[in-house]
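Take a look at the structures listed below.
Consider the two complexes below, in which chain A is the common component and chain B and chain C are the respective partners.
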Partner chain A sequence: MALDDSKKTREFKVVGTRPDRPDGIDKVTGRARFGADMVAPGMLTGRVLRSPHAHARILRIDTSRAEALPGVKAVVTRADFGAVPAHVADIMENCLAGEKALYDGHAIAAVAAVSASVARQALRLIEVDYEVLPHVTDVDEAMKPDAPVLHEGRQQETVPPGMSGNVISRCEFGHGDIEAGLKQADRVIERTYRTAATHQGYIEPHACLATMTADGQGELWVCTQGHYMVRNTCAAILGMDQGRLRVTASEIGGGFGGKTTVFLEPVALMLARKSGRPVRMVMSRSEVLRATGPTASTSIDVRIGMTKEGRITAGFAELRFQGGAWPGSPVGMGAMSGFAPYDLENVKTVGWDVVTNRPKAAAYRAPGAPMAAFAIESAIDELAHGFGLDPLEVRLMNGADEGTKSSYGPTYPAIGLKATLEAAKSHPHWTAPLGKNQGRGVACGFWFNFGGDTSVSLSVTPDGTVTLTEGNPDIGGSRAAMTMMAAEELGIPYDQVRTVIADTGALGQNEVTHGSRVTFSVGLATIAAARAAKAEMCRRAARVWGIDPDAVEWEDGAARPAGPNAGKFPPMTIRDIAAIAPKTGGPISGHHEVMAEGAGVSFATHMVDVEVDPETGATKILRYTVFQDAGKAVHPSYVEGQFQGGAVQGIGWALNEEYIYGEDGILQNAGFLDYRIPVASDLPMIDTVILEIPNPGHPYGVRGVGETSIVPPLAAIANAVSAAAGVRMTQLPMSPPRVLAAIQAGG
Partner chain B sequence: MSRIHVTTTINDDATEFLCEAEATLLDVLRDELGLTGTKEGCGTGDCGACSVTVDGRLVCSCLMLGAEAEGREIATIEGMAEGEDLHPLQKKFIEMAALQCGICTPGFLVAAKSLLERNPDPTEEDVRYWLAGNLCRCTGYDKIIRAVLETAADMRRAS
Partner chain C sequence: MVKVLLWGSLADLAGGAREVAVEAATLRELLEGLARDHPGLRPELERGVSVSIDGRIYNDSWFTPIGPESEVVLLKRLQGG
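Showing the complex of A and B:
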């Protein structure tokens, strides 16, 4: 049978339509079960005691009074875990502090009790003696030679001698000769930009339910972006075989990267082991903000040279990211991505990974890229306006294309950057009139997109309907996308396929739902699994017809003789073949396991109009349009949703959101009242334009779309606010007091 | 610890429960009555994920004590569909992809239904301000606002 990938002008029947999502009814009726919605017989409530200090040595923990409280069934501290393997040592430290508390909110101990009120009471009975140490929460302060140092012996060889121990590593990317390039410029600007730490802000707090039997078999129900990762990490921390821990992913109430690691899960398992009872743990919102993954705060220097015609002759950026109390800020991805939209002869970025007394940074949608884009796209915009050039034309003139050697190394295949810029240029938004105190900004953004370990199984039921089993939590409609791709490939209706997200016992390793990988990678594997099932069904038909399997082809949900020479047989539908499967060789299924590659990079251009109130410094978003390449939009409504959601998270980051630490190193705004994410009344509709430049690495041309949409907004909004206010904004968030101060200083 | 006996009505069903004095209505709904469609996003009345109506008034159930439900009529997301028949807002949210992860969806639906009962012909601005107490981090609100406006238009045409 022929399985031809080369049909470039393929006509889709299901892909590209907008069917109802299969989990829709569960999610609009309250039936869908999220992390905190599960119960088990005899379940206890687990709670965590957290450090009230930004940096302190833990001298003594006495849990005896808590343990004596009636209703308390287990208390755990770090001492219960012993030594853990090196690759999970920092994760362990973050789940429960060892020798030192490293940030406000760092977990110190945990209890399991018969009720939440008993658990709360027990926490108050745990005595901890701290020796409070000097702390540092700002990235530039932490790099100073006299800054308080969090860890000894963590600095890598990439860091020159003499720097603070908080500077963990240095990275560098680029090509060409920066100084020579700058000499060719008509103007060189040098600016420093700063961005605040922001939180992913998922509405569902972390939650899990753990059980552990006396013979050491564990089960976890957990809201996570990757239950295989949870299994592997928890097994390593608890010293279990991975096969003895079965993890089921609940429905997940948002993640945006923040649920790609563990916080509660190993602690819940240990409480379950010690108490012999199931233990449910659910974080409060303040725990989520104090102790789970914000992104890095940053300080970035940029030097860019441009000719008066708009050609960028050299681009340099030095990025300093603090990623909280352990190494691993996303500075490397920031350094790789910032200049990625451009075709530059001379480009270089240097990144510094710095630790501070803040919660460990977790991935946040395109980790590292929005901050780098903010700095670089702001500088390009300032140069373009300085020469009186059209900022879209300048980006087109310098834009990367197929064959461009990227700023981070690889040479691009077919990419969509210029298509997004051309679409922006011809959109009515670009020429719409602006009023007083209003400004328009544009910016480009890039994201790598990832593939990774993927395992799926597709089975044909005896009645000829299909079950697709995959291992990536559905965080924004991916069940619909997988169902569509399976139906497309099999040539059967959408409602004949049901997609199930299986627990860790059902499939091989699946990489976390991150890196915009799922629609690409799981889609790729789904199509391959469907092809395997089709090939098997063609073999079954060939057997019935007594012809060679190569003389059978699959079309519109049925096996057919391939051409007149194959013989004259009526088509056998999937239902026909399924019905006689017991007589032709047994159950029919298709599997595919792959380390997916060829994800296809993604680009976007954003355009935004704002109005700045010169009396208050407050910014109103008036109009917003996203132009992004989706490769092929499988379900356009959910592609638009990704564009819109990323843009609005970017709006929050640009205008409001900020981790605010006091002089004491304590987080001052650990709640949704003071950590203010955008609400409906802050916003206009978010218009979207989907471009489709097929990804050569996917059979349908699909590219991931989830992350790129948060990359351009910080810069696009800064460019718009700067135009409206008449003064260049270089620090985020552009909150009213900051904008007002800039206007007053500039005027 | 002595518990309080409460007699109330939830989604038209006469209901009794015992609760601790400090338990919120949200705690009772989720932990005592198994009505986990009502979500806790913050516990401080800032996110609207726990929206229910009490005698027809939209409230955050995390800001009300369970004991205060005595003699009231409570409506939660579980009571919004009539058997198999989804409320027009529920249908429209699915049709227009007005949800991504779905954790905020019950709260938005309860709040939007409450709006349309008061104002069958809201402007976009009316919808945006009424729903400003419900946080959604996935959608950017665009498709939610459109779904509510379209549902209102459909319901006006149908009535």
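Showing the complex of A and C:
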């Protein structure tokens, strides 16, 4: 669906306001039901036995002693599942190991028992014989020809001969002539940057409750970003018809991409099938960190040339991402996105997807983009400062605009990068004075955004209120946003619409909540469904009035004669029409099913002030401002929340968070005491500036906003810390020991 | 004929050309034409790609029309968080 009218600014009545969130009361009173909150009669507790080795061949698993323990109702291993379809084979292997354990924490077996203590006791009775194998957890080490190889035969045709079997694929993007461009530069810098694997850090651990009846009907209550995905994946793994598995999404305590796949769910269903009892499984925080997907760790080489006036003559980056024990790191998106904010004649990126003995990387908010932006935006910043140029002016000089051929190929339609840069330049933050040991950094970021399968249904109740049914878990305020768009379109108050998240039995397929897609895609479908309901209500009014349906229009929540020639009839409100619906043709509803396309790309500029303690290397965030294009902010408070959340997760990624592996390949910090995410006392209030450059692919101009906000912070903070510390930081996290060592080495 | 821009490593699998021409009026015909005319691209096409048509990104909409002057760019399959 295209933007309603690109020639004039639409006057919204509900969209753009800040009503109370519909889930607020339940969440602050503790009544909202999350993954672990559901119970069922006769429910068992499921627990998972995990590998203590980073890489080991599984020679034997003996579950007989566990099965004999009183209170144990079922034990499962990979053998219980048999062969699974190819498209879910890696997911299956991650849920339960087959021939090899591929990382510390890899699931080996699971039990269902009458209590948690019996389940834990049963795990201790499972005997596993391992042949411990050499391991590798570092991306550069894994690419060496003599590195231990995780898989045979997985290398794709894009990889040149002779490389390690851990190198799965190569991709390359760009245009122009890098070497010719570099020759035009007054300075060329070459740097290598490294980023650590970080976890999405959602507060709610993975949890589910599975039921399987004797006739093969399954039900699953689960904390997920996409219950349709859970249904489809679990059905494939368990050899079920999708229609025989009904999945309901619980409330969700954060996902950020990490809940776009399955871990416990097929195991819980198999335990339920074997035991004949409901089985609930809940991960501990340690399990979440050891065995669910963090993002990739990376090693990135950058070469950029710039004239002394600030024009970038060529940009090159080679990105190496390890995505854990199976193919699929987000290196392709990193390679496509890193230079996307700029209008460059000569640009090239090369990406390598590498496997290591770590948990399989899952998506994490704009997968791949923050790391690429860290490297490229750091190099641009260093060049700008080296010439004594204003880093915002340099970005404006090189910034992409409508008509720019992007670094990944397509030509941009209307985009908002320069609007964010101009807003940053004119913001008081940019000229505020800095004190001793303080520095300011800026960086830009880009994300694609996308749509996908979407199905919604909108029903007018007999009293004229409206129920909107959608199929995407509400992660970032989508119930409020959908309610607002339905109310806007129908011309009725916000509190006359209630939005519910349906189970998989209620609607057609819905793509996972990811890719910043929901406000765009589900919003688009909501508007279309509301328009269908409006059209039907106009038809009902036309029949009552005895005039042509084309002579009726909908305005301010009521059907009205379209003009003087249509006749003189008092308006029929939605309540009037609903009240007589049984007499005019029956229930009134609208629905819309679509493969939503046309999500508009999004850009942001971040600005941050830090203070670095030269004696300890500790960094304090003093001030932070986000400038981002939202297309159209449906509920500005939620948009601001997304901007703030991305900035805060970026602060953690930049300063403290990292997966630390010992020489033995074992994760050393599998808990929030040792894996340090930012807390409120670490942070200033994150200021936000919403820009609205309408997306031509949405009726109201909406763009996704959930992911772009995590792209610039790593680079913006690195640029600020480098300015404050007087030494260029090229490795994340910039933890106090690392900053202190850099200061001491620089001094 | 529609001109399709391939990303660098795909070009190596299509005889080295960064731009190939395919007889197609829809996205489905485009993907089928690429697989037919450039067999080296089949593995990547089977793994899934995204396609930018005149600056808008599509994943699976087979019947999306493509004009002879459309700008068509093959992209790695997008995934979000």
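One rule holds in what follows: the second predicted complex is superposed on the first by the 739 of 747 C-alpha atoms of A that agree within 3 Å, B and C clash if a C-alpha of one lies under 4 Å from a C-alpha of the other, contacts with A are read in each partner's own complex, and residues count from 1 in each chain.
Here, a contact is a pair of C-beta atoms (placed from the backbone, for glycine too) under 8 Å apart; a residue touches a chain by one contact, two chains touch by 3 or more.
Treat the numbers as computed from the prediction; the structure is a model and nothing was measured.
Asker: Which partner does A:Phe256 contact after superposing on A: first (chain B), second (chain C), both, neither?
Answerer: Once the two structures are laid over each other on A, A:Phe256 reaches both partners.
Asker: Just checking: does A:Leu468 make contact with chain B only, chain C only, both, or neither of them? Give me first, second, both or neither.
Answerer: A:Leu468 contacts neither chain B nor chain C.
Asker: Quick check for you: in the superposed arrangement, does A:Lys27 touch first (chain B), second (chain C), both or neither?
Answerer: Only chain B is touched by A:Lys27; chain C is not.
Asker: Is A:Ser637 in contact with chain B, with chain C, with both, or with neither (first, second, both, neither)?
Answerer: first
Asker: First (chain B), second (chain C), both or neither: which does A:Ser284 touch?
Answerer: It touches chain B, and chain C stays clear.
Asker: So which one touches more of the residues on chain A, chain B or chain C?
Answerer: B
Asker: Just checking: does A:Pro410 make contact with chain B only, chain C only, both, or neither of them? Give me first, second, both or neither.
Answerer: Second partner only, chain C.
Asker: For chain A, give the residues common to its interface with chain B and its interface with chain C.
Answerer: In chain A, positions 200, 256 sit in both the chain B and chain C interfaces.
Asker: Spell out the part of chain A that touches chain B in their complex, as residue ranges.
Answerer: Touch list, chain A to chain B: 18, 20-21, 23-34, 36-37, 39, 116-117, 200-205, 251-256, 282, 284-285, 475-477, 635, 637-638, 640-641, 644-649, 671-673, 677-683, 685-686.
Asker: Any idea which chain A residues touch chain C in the complex?
Answerer: Of all residues in chain A, those touching chain C are 156-158, 170-174, 200, 256-258, 260, 330, 332-333, 335-336, 348, 350, 363-367, 408-413, 447-452, 514-517, 595, 597-599, 697, 707.
Asker: Which of the residues in chain C end up touching chain A in this complex?
Answerer: Touching chain A from chain C are residues 5, 7-10, 12-13, 40, 43-44, 50, 52, 54-61, 64, 71, 73-81.
Asker: Quick one: in the complex, what on chain B touches chain A?
Answerer: It comes out as residues 1, 20, 22, 27, 30, 34-44, 46-47, 49, 76-78, 80-81, 86, 90, 93-97, 99-106, 109, 125, 127-129, 131-146.
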